[in-house]
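Consider the two complexes below, in which chain A is the common component and chain B and chain C are the respective partners.
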Partner chain A sequence: MSIALTCQGLARSFGGVQAVKGVSLSLPAGQVTALVGPNGAGKTTVFNLITGNLRADAGQASLHGKPIMGLKPWQVARAGVARSFQDLRLFQHMTVRDNVLAATEPSGWFWQPGGAASRAARLARAEAAMEAAGIAGVADARAVDLAYAERKFLSMARILAAEANVWLLDEPASGLDLSSRTRFQDLLKAARAQGVAICLIEHNLDVVMALADRIAFLDRGEVLAEGEPQAIMRDPKLAAIYFGDRK
Partner chain B sequence: MIELQLLLGGLQNGALYALTAAGFALIFGATKVFHVAHGATFTLAGYVFIGAWNAGWHPALGVLAAMAAAVAFGIAMERLVYRPIGRHEGGFFTVFVAAFGVSIVVQNVIAMIAGRGFANVDSPLATATEVMPDLFLAPVFWISIVAAVAMFLALTIFLSRHPAGVALRALAQNADLLRAYGLSSGKLSVLAFALGSVLAAPAAILTAMTSGINEAIGNHVMLISMAATIVGGVGSLRGAALAGLLLGVAESVVLVFLDTQWAEGASFMVLFAFILFRPSGMFGAAVAR
Partner chain C sequence: MIAYLSNIATLAAIFGLLAATLNFMVGQAGIFSVAHAVFMGLGAYSGAQVALLLVPDPFLACLAAAVVAGGLSLCLALPALRVRGEYFVAASLGLQMMAVTLFTEAKGLTGGMGGLVGIPQPRIFGVVVPVLPLALVALVVFLLLMAAMQRGSFGRTLGAIRDAESAAEALGKNVAVAKALAVAFSAAGAGVAGALFALHLSFVNVESFTLEQSVLIMAMLIVGGTGTLLGPILGAVLLLSLPAALSFITFIPPTDIGSVQQIIYGGAMALLMIFRPAGLLGDQKRGRSEA
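== the complex of A and B ==
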């Protein structure tokens, strides 16, 4: 089992508030790691530190052994880390196809190696991603006109099309009904089977238990526990913290 | 027939306004930079063409030199003025003042080198002939229309089909997200400035061949570009282009009823009418979505 992404001792403060305190994580290839914890635990901040959206006060992160800390967000993405956002950021007034296409061309510039063949390959990649995410039928619709679940799957299609080997997903299943959730879980299982290292922030514990190979439990910016999902979720102290019944 | 003559003159002017306004709208839409120095790009390109013409260069070389100057100036503004301001989180007013300052410098440098007052090139393409009784048209009329349509179509195809065009539209909508997908918003901003600036060059060249330009013409061009962006609907390229055309026609047709000093006023009457009755412009999204 190879480790795709590791981070060690990540720390970040905002004013006097220490949002992340020395977080260390390893994301193995072909596994789903769930980042679980109450609101304000620092889960999204950890994603922002890894992807370069926020600068870390301390700590290191590496992707397949190469350091990525200090890189700009687009450089981290180009290195192979794709992420989704809690607030479902989309190119609202572009079609679904163009939204996905934007993710297939990380070196988008005037000169296109391969010309027409390369363009055809990118289009095929985008079509395959839309098909896999179940949104091929709305490829020509604008993102803003989609239903909520379709927007969620558009977000996933864009991650699929990026062909990244590390996925950082921030509450990707929130607000989905049961059948959409099942589709979403199947999508992640397929990616895991292909060796993608997935890190999932999710409040729906059914989804976590159905998908996660490991759980890292965060509270107040620290990893309190890490291990098998059953063991973590059975821990009464962690359950009390998670459900707001902290003493 | 004077009405038709004015209408055709307005279409010619409008086609050139459309190109310049589309360039401004492209830059503003993609990068959110209020590029007040876009007028200076126009002035610079026009004077480079006149300089090349006077130096006896082949006109095609002059066109290329003007386009290169426009692109170089646009990119220099992005890299040397707007990006450092953005890095220090400067706001709209800082950008506005910096760009306005650069425009004044360009204006004065051009006046120092080329002298003040109108300059033009004496091209046979600008010589009007009577195509119908009392209706005079010069080849430059058709060149203006064809150049505007061809460049706008090329831009539209680029933005809709080329990956970099798709990325530019994406940049216009969500720069953070674009970065999350591995595209450098900095490089795309440079592309937006290069494309937006190059659109001003043919307009400047054709203006230099017809009515002539002076060192302060950029101010008028900038006002028209801003007005066209608002009338067309902020964020809409075809809106800006159509509005540029409309403003050009309005400036010309108003002369049927009013004196020549009202020409520029006509553009702003159209602008005020849109602000009052359709503030979202022709194709712009409503402010409250």
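== the complex of A and C ==
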């Protein structure tokens, strides 16, 4: 089992508030790691530190052994880390196909390298990602016109099309009904089987238990526990913190 | 009468190019700038100097204008593009104010307040050519380029940046480079329009490149519809032909035409924002606020 992404001693404070205090985490390839904890625990901040959206006060992160701390978000993405956002951040006025195609075109220049063959390959990647996410039927609709679940799956299709080997997913299953949730879980299981390292922030414990190989429990910016899902979820102290019943 | 209409048509083509290239920045990339007249001015002075000091070749004048306006826009845009949204509007406003002062003071290059006079008429192989066909060709060329980019990966990159900049970055897009390229292309187009403007009037001074001019170009864009290819052209034609149309209404005294024009502008803008908030040709879903 190879480790795809590791971070050590990540720290970040905002004014007087220490949002993340020395978080260390390893994401093995082909496994789902759930980042669990109450609201305000610092889970999204950890994602932002890894992806370069926030500068860390201290700590290191590396992807397949290469340091990524200090890189800009687009450099981290090109290195192979894809992320989703809690508020999705779709390209609202673009079609579903263009949203997904955009994920296959990292260059910010007037053109993409590779000519016609590369263009055809990118289109095929986008079509395959839409098919896998179950949104091929709405490919020509604009993102702003999609139903809630379709928006969620569009967000996942962009990640699929990006062909990253580390996925950081911020509450990707929130608000999905049972059948959509099952589809979503199948999507993640398929990616895991292909060796993608997935880190999942999720409040729905059913989803966590169905998918996670490991859980890291975060509270007040610290990893309180890390291990097998069953062991973590059985810990009465962690349950009390999670459900707001801390003494 | 033909000369009068030809003058209006030439100005409509030049301002259509200005509005269309501003649209590339605003409608495609979501970069709101109120300094488009600065790039028009840079192009106008460059084109005028080429015609005055070298040859009145319109292609050379336009090329020089595009290079100077596009190149300088990069120097100005790279630091300014670090800020987002309304902060860039403020930065561009500062640039606009600063540029007017520089245009006024750099007398050796711009002629100061007096401007550059006696700019020779454009000639191709020694034959004098009117600016109207040149302006129409420039407009069509830029529209074709913009349409091609809009349909391609660069258009998607700009659309992604406009709709969700952080998500575009998370997909590996170098947002700073894409924005700088969009600004440089847009400024180069404004520079070409400026050079044609200088060749058309045979005279330029700083009065044509003030904040008022930038706001007029923005108004053309808003009236026609941002994010559309032909909306800015329609806006330019409407806003330029309104004063001409008013002058044909006999019961308005010539001295009052300016005031009537302002009232019509104000009323039309208010009605437009109520009934077609995304402009005449714009995507109305984008204009309305989303619940």
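The rule is short, and it goes like this: the second predicted complex is superposed on the first by the 242 of 247 C-alpha atoms of A that agree within 3 Å, B and C clash if a C-alpha of one lies under 4 Å from a C-alpha of the other, contacts with A are read in each partner's own complex, and residues count from 1 in each chain.
The criterion applied here is as follows: contacts are C-beta pairs under 8 Å (C-beta built on N, C-alpha and C of every residue); 3 or more make two chains touch, one makes a residue touch a chain.
All values derive from a computational prediction rather than experimental measurement.
J.: Fit or clash for chain B plus chain C once both are placed on chain A?
T.: Chain B/chain C on chain A - steric clash.
J.: Contacts for A:F243 in the overlay, against chain B (first) and chain C (second): which applies, first, second, both or neither?
T.: Once the two structures are laid over each other on A, A:F243 reaches no partner at all.
J.: So, does A:Q92 touch the first partner chain B, the second partner chain C, both, or neither?
T.: A:Q92 contacts both chain B and chain C.
J.: Kindly classify A:L101 by the partners it touches after superposition: chain B alone (first), chain C alone (second), both, or neither?
T.: It touches chain B and chain C both.
J.: So which positions on chain A get touched by both chain B and chain C?
T.: On chain A, the residues that contact chain B in one structure and chain C in the other are 51, 53, 72-74, 77-78, 82-83, 85, 89-94, 98-99, 101-103, 105-106, 108-110, 112, 158, 162.
J.: Could you pull out which chain A residues touch chain C in their complex?
T.: Listed in rising order, the residues are 51, 53, 72-74, 77-78, 82-83, 85, 89-94, 98-99, 101-103, 105-112, 144, 158, 162.
J.: Could you please specify the touching residues of chain B with respect to chain A in the complex?
T.: Its residues touching chain A are 163-164, 166-167, 169-170, 173-174, 176-185, 187-188, 191, 285.
J.: What residues on chain C touch chain A, complex-wise?
T.: By the definition above, chain C touches chain A via 149, 152-154, 156-157, 159-160, 162-164, 166-178, 181, 227, 283, 285-286, 290.
J.: Of all residues in chain A, which touch chain B in the complex?
T.: Contacts found on chain A: 51, 53, 72-75, 77-78, 82-83, 85, 89-94, 98-99, 101-106, 108-110, 112, 119, 122, 158, 162.
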